[in-house]
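Okay, so chain A shows up in both of these, paired with chain B first and chain C after.
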Partner chain A sequence: MEGGASISRTEAAQRAQKDASRKRRSWTVIRHAVLIGWASLIMFPIYWMIQTSFKDSGEWVTWPPNWIPEDPTLKNYEQIFSFNVQESGVARQATEQPFNIWGALLDSIIICTSSALIALFMGTFLAYAISRYNVGGKRFRHSVLLIRMIPPIVIAIPLLMYYAIMVPLATDAVLGVRLSLFDTRLGLSLLYITITLPFVIWMMLSFIDEIPYSFEYAARIMGAGRIYTIRKVVLPLVASGMVVTFLFVFILNWAEFLLALTLTHPDVTTLPVLLNKFQSASEGRLYGPQAAIGTIITIPVVIMGILIQKHLIKGFSFGTIRK
Partner chain B sequence: MVEGMFVVILIIPFVMTIYISFLRWRANRPFEQAYLTGFRNYEAVLSDPGFWDSLGRTFYFAGFAVLFELVIGFLLAMMVHQVTRGRRFYITIFLIPMMVVPVVAGYNFSMIYLDSGPLNQILSPLLNFFDINPRIRWLSDPLAAQWAIIIADVWQWTSLTFLIFLSGFSGLPPQLINAAKIMGASRSQIFFWVELPLLKPAIVIAVVIRLMEALKLFDPVVLLTFGGPGTSTQTIAYYLWEQVWQFNKYSFGAAASVLLLILFSGLIFFGIYLISRQSDAVDRGEV
Partner chain C sequence: MLAEIGLKNIVKEFGKFVAVKGISLDIQDGEFLILVGPSGCGKTTTLNMISGLETPTSGEIIIDNRIVNDIEPGERGLGMVFQDLALFPHMTVYENIAFGLRVRKMREQEIEEKIRLAADAMHILPLLSKRPAQCSGGEAQRVALARTIVNNPSVFLMDEPLSSLDAKLRVDMRTELKGLHERLKATFVYVTHDQAEAMTMADRIVVMNGGLIEQVGGPLDIYDHPSSHFVAGFFGAPTMNFLNGEIVVENGTAIFRCPHIGQPLGTSAAEQLIGENVILGVRSEHIIMKEGSQEGQVRLVEPLGDSSLVFFEYGGKDKLVAKVAPELRFSPGDHVTFEFQADKCHLFSRKDGHRIN
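For the complex of A and B:
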């Protein structure tokens, strides 16, 4: 009797354990199902764009829509990349200018790269000052990022006036030439440096804070000057952080739309503005070329984003997580 | 030197915007010939129903979008935190929308909402059952267009709240959770009494940052609806852009800018206050 009871007790315990593990396993399955569901929701719009970019003009808007292009073609890419835009068909006849993707690509690359580099240079030294000498006090670390939260449209109108009226008037008075920052690469780059600087400072702060001060102290004791210490001790240690910050800021500039739309026309065009121009075309929307441009804009930044992903997870704690 | 640069870069444009907001100036007349009208532009802005409607609509979009982003982002971060296998894969995929250029995201969704787009195709069995023509033009209906923009925003920015919550979850101290477990706390008790209070700073940050960003909403509106049908999807950013760049009402735009700058500065200082209060509490070890 006693033996039987103990056996049934262990059986019950085993069953309970099995139930628990089955429950845990079914939870795992549900979790994975939800996560995969969300992942496919996320990838679907991107997939749709990429597959549209390989469709020929007759297939862009069919009913029912094809999920896989019936007859994959590179025509859309050929069209947007051909030099002689007038002849190859994408250009609108009655409008002022052909779509020039080479110009937009060049403008985007020059503006984004140069402004990211300059912002990185300035921001690294500012972050060093904030980290080591506590410039601006404790609150400054948080407020630095919140500067970015002013809606760009609110500063776009003053900037339009400034670029298009004030600067010409000032250069007219001082140099005797009317120079304008409106619709120039310089004007847009200066603006991008200003609005991304808070991000650079904030990211570089987290990298510089990680370097123990004793390294610099040792270098200073051994007779190295202040600048020499920064150059030979600090900068090599934050080099990878600088690469990450550069890529992050580049992505921000690359995606910027409102200021590029409002402060340039018609000479300088960035890629997002170019994509938008296809939309307002009088002869209906050119879905295929739009999809091709969208794919070209998206792929490099997504690759960059995946490269710096690990650092983003670390960086987005905003200093509110205990070390 | 530094003061000089400060004056040139910050003060002059600001003063000039205020000056222009007192002028009566449109693009049809050169700047030198504009004349002063006092507070007329401010009166015009404040009495324009379009201004108030678009401001209210911006908060309505931002409110709903941020609500969904917070809930979905939190749940996803929690699940990814619990999952062991395939974690890096999920994180990589979930962070992609953040990298996608907002204009491209707007374009993608405009393709999906098309009357012959995949959304209608997926819904068509259901719609045929109710005898509705499946080729619905989603963006031609005011309410549907508004929610189309909210959904596009949720698609793109849930990745940011997910990122903030994920770094929050991975910063949770395991000692405290183990201690609670040993003391016999159930899973829901651990969640509500240990983990949630520890995640409060991350939640505050996600709310503040996303809300501020959502108030800027512009790109998907341009790509999806051009503020239409009618004015039903005009956000404040789109409204101002239309007033200044389409209708060339410069002085009007300057006055509206000054008013909005005051409003948003108030919100931003409140945001700074909330965030720095959280991190002060962390520094003191109270959380």
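For the complex of A and C:
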């Protein structure tokens, strides 16, 4: 009798264990299914862009769609890279507007890199001042992002006014030379620095706030000055955060379209603006070349991501000091 | 360099909050002085003002006969160990110790020599190439000390440096710190909220409460003659027993009287206090649990090995605790008689908490 009871007890325990492990397994399956579904939703546009870039014009908008290019071609890439600078300075083939992809690539790289670096440098020190000295008062850190509440389109036209008319008039009056910010790398960079600075401050604040005051106190008591302390203690500790912030701001600039479209033409062209040029009255949107440019725009960001992977993981976990 | 420190009427305000309300203190050269008090009593703020990390709102800080109020922390000749140790996580132990020497632009060879010496003294030679995160609590502690020692300061400031260690290590480190003080013969100013730490290490203890100094004195001085109700309650474990009552005259002698207890007071001074409302304090080891005139009932016994704590009721609303020899066995429910050692009773004013006997 007793033995029978104990056997049934162990059976019950085993059954309960089995149930539990089955439950756990089904939960794992559901979780992975959701994650895979979500990941495909996110990845699909990238896949679509890349495969479209290898399709010929007839295949761009077929119905039902071709999930893989039937007859893969490099035509789109040829089209966007084929021009002869010697001949006309710009190519004028598929589109009705002149374009120069190497020029656009160079413009984008110079403008985005320099403005992201400058914003990062300024923002880091501003964030340090806000974190350690409460610059701007207690609420300032929360209102830093307010500037982003204004949609860029609202300021695009007034800025055009400044860039194309007011600045030249002002420099003419003061220096006797007409200097314009319109359609210059400097003009666009200044603007990018201004609009990304709040992000840099906001992100760097969270990294700098994490560093205990005692680190800086210890350095000061050992005789280190403020700048020495920042250089040797604070900056190395937020390096990962700076890398992440740089990448974040760089991507914002890299993909910025509206302000670049409004404030440049024809000398300076960034890649997103160039992409938009691939449409014509006769053929409509040229999806193939656009996808090809899109793919090219994506590559540097991916490469950068791979190069700084170590910092990304560290930085995104917002744990610079964690032991 | 003499490492005498003087504080003169130091006040520190943070906006409307007054952290330190005017304290004066002289710290002798080579002394191990401990600032102790509950959290928020102003002890850390005081230490930070000595170090220069905080500037006093008013008053003067004098180190080596020089007013240092406006002198940068790095130029005061101090070393400091922080509560969280503040070891730089991105540097190796070696680089951490070298930090102060690098600031002073010392030659690399000299730096290495000094680090070897300091690391040897603190027994951390094998750790030099490790990161602070790879060190255990005790090792990190030694690294922090080595980093301070290597700069050869004449004053060591320590802000609860042992608080992150486990109990056993903390006790070991106390001994080690005391040994270090003997060896270096430097002035140590140490902040803690742990009265046991203060008792065991200090030459002199400064008890702070509410931004003011309550009492300054040697450890046993403070233990035996607490100047106030607060100090009496802060030092000693278990906490001193307190009873509210009145001094009356019975049969020609002064007696402390409260409901259920009448305690004769040995001191003649008590006679001047007749009719006063007082708090009587008596430490657990000064309650005699045999053949006393008062009666009580045991509620709880905590054997400590070398002694036992007996918590008992006497009729009043609080329990009393007595520390008795381990051979005396009591069980909960036992009826006991007890008595206070008359000459070990402390009397405090009920108005302001000051000692009155």
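Here, the second predicted complex is superposed on the first by the 234 of 323 C-alpha atoms of A that agree within 3 Å, B and C clash if a C-alpha of one lies under 4 Å from a C-alpha of the other, contacts with A are read in each partner's own complex, and residues count from 1 in each chain.
By our rule, a residue touches a chain if its C-beta (ideal position, glycine included) is under 8 Å from a C-beta of that chain, and two chains touch if they have at least 3 such contacts.
Just so you know, these numbers come straight off a predicted model, no measurement behind them.
Legend: residue contacts after superposition of the two complexes on their common chain; A:31 is shown touching chain B, with no touch to chain C. When the two complexes are overlaid, the chain among chain B and chain C that reaches more residues of chain A is B. When the shared chain is aligned, chain B comes close enough to touch A:159, but chain C does not. When the shared chain is aligned, chain C comes close enough to touch A:214, but chain B does not.
Once the two complexes are laid over each other on the shared chain, residue contacts for A:312 go to chain B alone; chain C is not touched. Of the two partner chains placed by the overlay, only chain B lies in contact with A:150; chain C stays clear of it. By the touch criterion defined above, A:81 lies against neither chain B nor chain C after alignment on the C-alpha atoms of chain A.
Legend: residue contacts after superposition of the two complexes on their common chain; A:222 is shown touching chain C, with no touch to chain B.
Residues 321 of chain A contact both chain B in one complex and chain C in the other.
The part of chain A that touches chain B in the complex is made up of residues 28, 31-32, 34-35, 38-39, 41-46, 48-49, 52, 61-65, 67, 139, 142-143, 146, 149-162, 165-166, 251, 254-255, 257-258, 261-262, 271-272, 275-276, 279, 287, 290-291, 294, 297-298, 301-302, 304-306, 309, 312-322. Residues 12-14, 16-17, 20, 31, 72, 76, 79-80, 82-83, 86, 90-105, 107-109, 111-112, 114, 116-118, 121, 124, 135, 155, 159, 163-164, 166-168, 170-171, 173, 201-202, 205, 209, 212-213, 215-216, 218-219, 222-223, 236-237, 240-241, 244-245, 250, 253-254, 256-257, 260-261, 264-265, 268, 271-272, 275-276, 278-279, 282, 285 of chain B touch chain A in their complex. Across the complex, chain C is touched by residues 212, 214-215, 217-225, 228, 232-233, 236-237, 321, 323 of chain A. Looking at the complex, you find that chain C touches chain A at residues 51-53, 72-75, 78-80, 82-84, 86, 88-90, 99-100, 103-104, 132-133, 147, 151.
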